[in-house]
Amino acid sequence: MFKFLVRGAAIAALLAASGYAATAETLRMWGPEQITEPLVAELWNGIKSDFEAANPGVTVEFMPPTGTISNGAVQAAIQSDAGPDVILTNSGIGRITVVKNAKQVVPLTKYYEERGWKNQIYPWLYADLQGQFGGEIYEVPDGLDALGIWYHKDLFAEHGWSMPKDWTEFLALMKAMKQAGVQPIAIGPRTPASAGHLFGNLLQSASGTDMVRKALKREIAFDDPAIAAGAVRLRELVDAGYIDKQMAGLDLEGASRLWFSKRAAMFVAGPWFTANARKAGYDLANAGYAPMPSDLPGETKPTGGVGWSWLVPVSSKQPELALKWIDFVLSDAVMKKRAQNAASTMIYPRALDGVEPSTPVLKEIFAAAAGGVGYNPSVYLPGPVVDIYFQVLQGVISAQINGEEGMKQIQAKLAEAK
Amino acid sequence: MQTIAGPTGPLARAAKVKTRMGGSTGETGSALWLMVPALAIYAVFTLFPVAVTFWLSFTNSAGFNTPAEFTGLDNYARAVHDPIVWQALGHTFLWLLYHLVLAGGLGLALALAIGSLGKTRTFFRTAFFLPHLVSLAVVGVIWANIYDPFFGLINTGLIGLGLGNWTQGWLSDPSLVLFSVNVASSWQGFGIYMLLFIAGLQNIDSSLYDAASVDGATPFQKLVHVTLPGLREVMTFVVSLALINGLKGFATVFVMTNGGPFYRSELITTYIYRLAFQSQDHGLAAVLCIVLSLLAITITVVFTRWRARLAQ
Amino acid sequence: MTARNREWPVALALAPVMLVLLAPFAWLIMSSLKTEAEIAQAAPFSWPANLMWRNYADAWQIGGFGDLVGNSLLNLAGVVALTLITCVPAGYALAKIRFPGREWLFYAFILGLTIPIQAIVIPLYEVLSGLRLVNTLTGIVLAQVSNGIPFGIFLMRSFFISVPDELVEAAKIDGATHFQILTKVFLPISSPAIQALVIISALSTWNDFFLPLIVLISPDVQTLPLGLVRFAGTYSSEYRLVFSGTVISFLPIILLYILTQRRFTEGLTQGAIKG
């Protein structure tokens, strides 16, 4: 027994020594999200070795993300001793506000001038970033999201369906789908962002970009009928059975399984959905993409905004190297390499001439987004409101509350968050 | 004149104290040495956090390692006015009840059946204990798939049996979700209660059964008059264990519904996690931590007293 | 209990109950051997055309289950060893040595028996982060041991109390110190209690999810339950991998249990009742 105790002590000592420290010239990078997918890994390993070749003595190490700012994983990682030196993660002003308020990320404003980053992103995007925190910028956009409806080309051809031009026709189409025994829309609101994707589309379609912007800037209330209309539509889709109530218990993966197996006709997602489709073995040539139809002129467009950004945590052990890495990622060579790669799953933060997207559906998405995108509220709402926002959407999809009531609750929380 | 060493001097008084406490310097020293490892770890990782939690509940702390100001009872007032706190509290009580009935009840029923077995006893006891070996988080992954409305075992099974209209949105129906998740949790939990009841059955004096047989008691009468009274002590123990286990319920809810849809499966523990790690509202989270502790302490005290009374 | 002639009717009645209660295992194992297309057919009673053992190889490799099992074992070994080192001597001191403040100390430990870990998570996280123990197995081991100390001490103390005081007195007359009495006299006769403590702390460590969720961030230090949940979240487009990964995560402990089930059962029940 005594021997056992001694051995136990040895194990405990060994454990104490196993907390690890970063080596001097290693750049630990949080991300990218899909690094475990072979195609994505191949692309990023290529970028990594190019960077290592350009910076002798430097090793880049990927930390596969365990989550986002929304679920606290990024914050926890920044606080830990094994924290990353540079972070690629899902962004948007709501999330950035959380890490900015916790003083966990370094302001990057001056580097936009010094290192010329401001010329490497769309001017409107730069202006947008400048307007968020009174001029201070904490992120460098990596990719933009453009959420819209994904559909099966073969299924549509088989039934003679086509993507309609306005909301009334859209309702008729969903009715036809239901009669044909196909679920019109699949959604997985247990993955919070996923509920927001569809809802952002409905909001855009019902109220238009200007109105949504006003609501997000708190110039009009969320429970104003002009904004609540989107939530009312969501509940209408549920009541008509175009969105099955049982989907309230699904997550993104469970819902996309319905779409990939063609039991559901439509799914609201962004360009990143190509990665999910590839993993599920779905033939991407069969995927079509269209923005949510709107009765308002010129408002039939995708929603989105900055989807992913680079951040430099205050705990970065290699802040200089982190900036160099961002320079490198913004360079023409890397950006074009990524855009042409089959693993590409997003819209890039500046126009890239002569780049051909790897899959036809991405081409459709780029075309749809060329005229600008509307807002995805999930990424613009402040942290404490986002949580209730997603829960309210679950409430509407499970038919527990109606649209107006739900928006009232969101507005109440917004008011409380000053 | 009084001397230090005299019968009423300080040394003697000290000695008296020691005698009363029943220790001597050497004894106290070795006791301390033997306690040091446990005390050190326990003080740093349990006692200190308990104290800090208490302090946090009076501050406006809004994140880890961020300065916080004393705000008095503000958080307590906020907790009282937060409808989700009340929902979470209600769900937690319901959750305890479900767990007690489902896991405790099944454990008791199986123990009574298995207790009467001879040759096949070990086989059934082993088989029925298997679910308890699966981690609750893994149970969550398994049952989320079992409950999947379109691909899961239950709904597709019902359709396969021609009972298509019995299918449910197990995790989406607001009146069903807490129960559904609890079934998963209780599926994992009943095994240990079963083992405890089986052990309790073995401790019942077999002569009591013989006497009952002589009196011509039916099996049901034996159950009511011999078996169940004989299990009373184990029963109080199992009930308190089940309540405490239920109170700690987190993993299955976190994995299967994350408290949704629309907070319909939110427990105190999952709400604490949401507040602490997602909204970074540490003040309100600390209030809930204290509520949770008080509930646990109450349960323990009540049942310890009850058991002590039974033992007399 | 009573007449053995009730054996077969009861066993026959229990069989269908067992079938229902163990059906999740059967369904899971069957699904884990299907192709993705077969799973998508949503036909729970159909056999896979070919048994896809490849799913297990793929899940093992992609999910890094080798590392996860290793981490879980290291975690378990650390907790069990440290729990014994802390609880056995402390339980002895509280049972057999009279010293001022003994009752008071005992109540301080009892307090911890009732407080759920979730109720102290915020400062606990800050302590770990202050000691630079976030994202390390050391951190998780210390927190879990601390969480288990009240139970361990309670268990060991009640066992040691049942040992007659004369044993201590006799050894003391021979000039033995308390440490010697503990190691030479008490430990050799304590194997039932120690076995119970080992089994209970091992099982609760192996299954812990909450602390790893908060403390272990990078995949290279994560333990099995957390790793599986993460894997299921990332790979749930490939259900064949989720199912086979799930089976991998509980198969070792179930096999271990079946092999040692008598000792396991005894230790678990004795420990739970005494504690």
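A, B and C label the chains in the order they appear, each numbered from 1.
Criterion: contacts are C-beta pairs under 8 Å (C-beta built on N, C-alpha and C of every residue); 3 or more make two chains touch, one makes a residue touch a chain.
Predicted model, so just to flag it, every value in this text is computed and none were measured.
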Among line, ring, star, complete and other, which best matches the way these chains touch?
complete
Contact-count maximum falls on chain pair B-C
Averaged-CA centre spacing for the pair subunit C and subunit B, given as whole angstrom:
15
Taking each chain's mean CA coordinate, subunit A and subunit B are separated, in whole Å, by 38
Would you kindly tell me how far, in whole Å, the mean C-alpha position of subunit C lies from that of subunit A?
38
Residues within subunit C bordering two or more other chains:
40, 82, 85, 129, 214, 239
Send over the residues of subunit A in touch with two or more other chains.
76, 79, 254, 257
Which residues belonging to subunit B are in contact with no fewer than two other chains?
64-65, 150-151, 277
Residues of subunit B touching subunit A in their complex?
62-66, 147-151, 168-174, 177, 257-264, 274, 277-281
What residues on subunit B touch subunit C, complex-wise?
17-18, 21-23, 27-28, 30-35, 37-39, 41-42, 44-50, 52-53, 56, 64-65, 110, 113-120, 122, 124-131, 133-138, 140-143, 145-146, 150-151, 153, 156-157, 160, 187, 192, 195-196, 198-199, 201, 206, 209, 213, 219, 222, 234, 237, 241, 244, 247-248, 250-251, 254-255, 269, 272-273, 276-277, 282, 285-286, 289-290, 292-293, 296-297, 299-300
Within their complex, state which residues of subunit A touch subunit B.
70-72, 75-76, 79, 98, 101-103, 189-190, 244-250, 254, 257-258, 263, 383-384, 387, 391-392, 394-395, 397-398, 400-401
Spell out the part of subunit C that touches subunit B in their complex, as residue ranges.
1-2, 4, 6-7, 10-11, 13-14, 17-18, 21-25, 27-28, 39-40, 42-45, 82, 85-87, 89-90, 92-94, 97-100, 102, 105, 108-109, 111-127, 129, 142-143, 145-147, 149-150, 153, 177-179, 182, 203, 206-210, 213-214, 224-226, 228-229, 232, 239, 242-243, 246, 249-250, 253-254, 257-258, 261-262, 265, 268-270, 272-273
Show which residues of subunit C lie in contact with subunit A when the two form their complex.
36, 40, 62, 74, 77-78, 80-82, 84-85, 129, 132-139, 141, 183, 187-188, 194, 214, 217-219, 230, 233-239
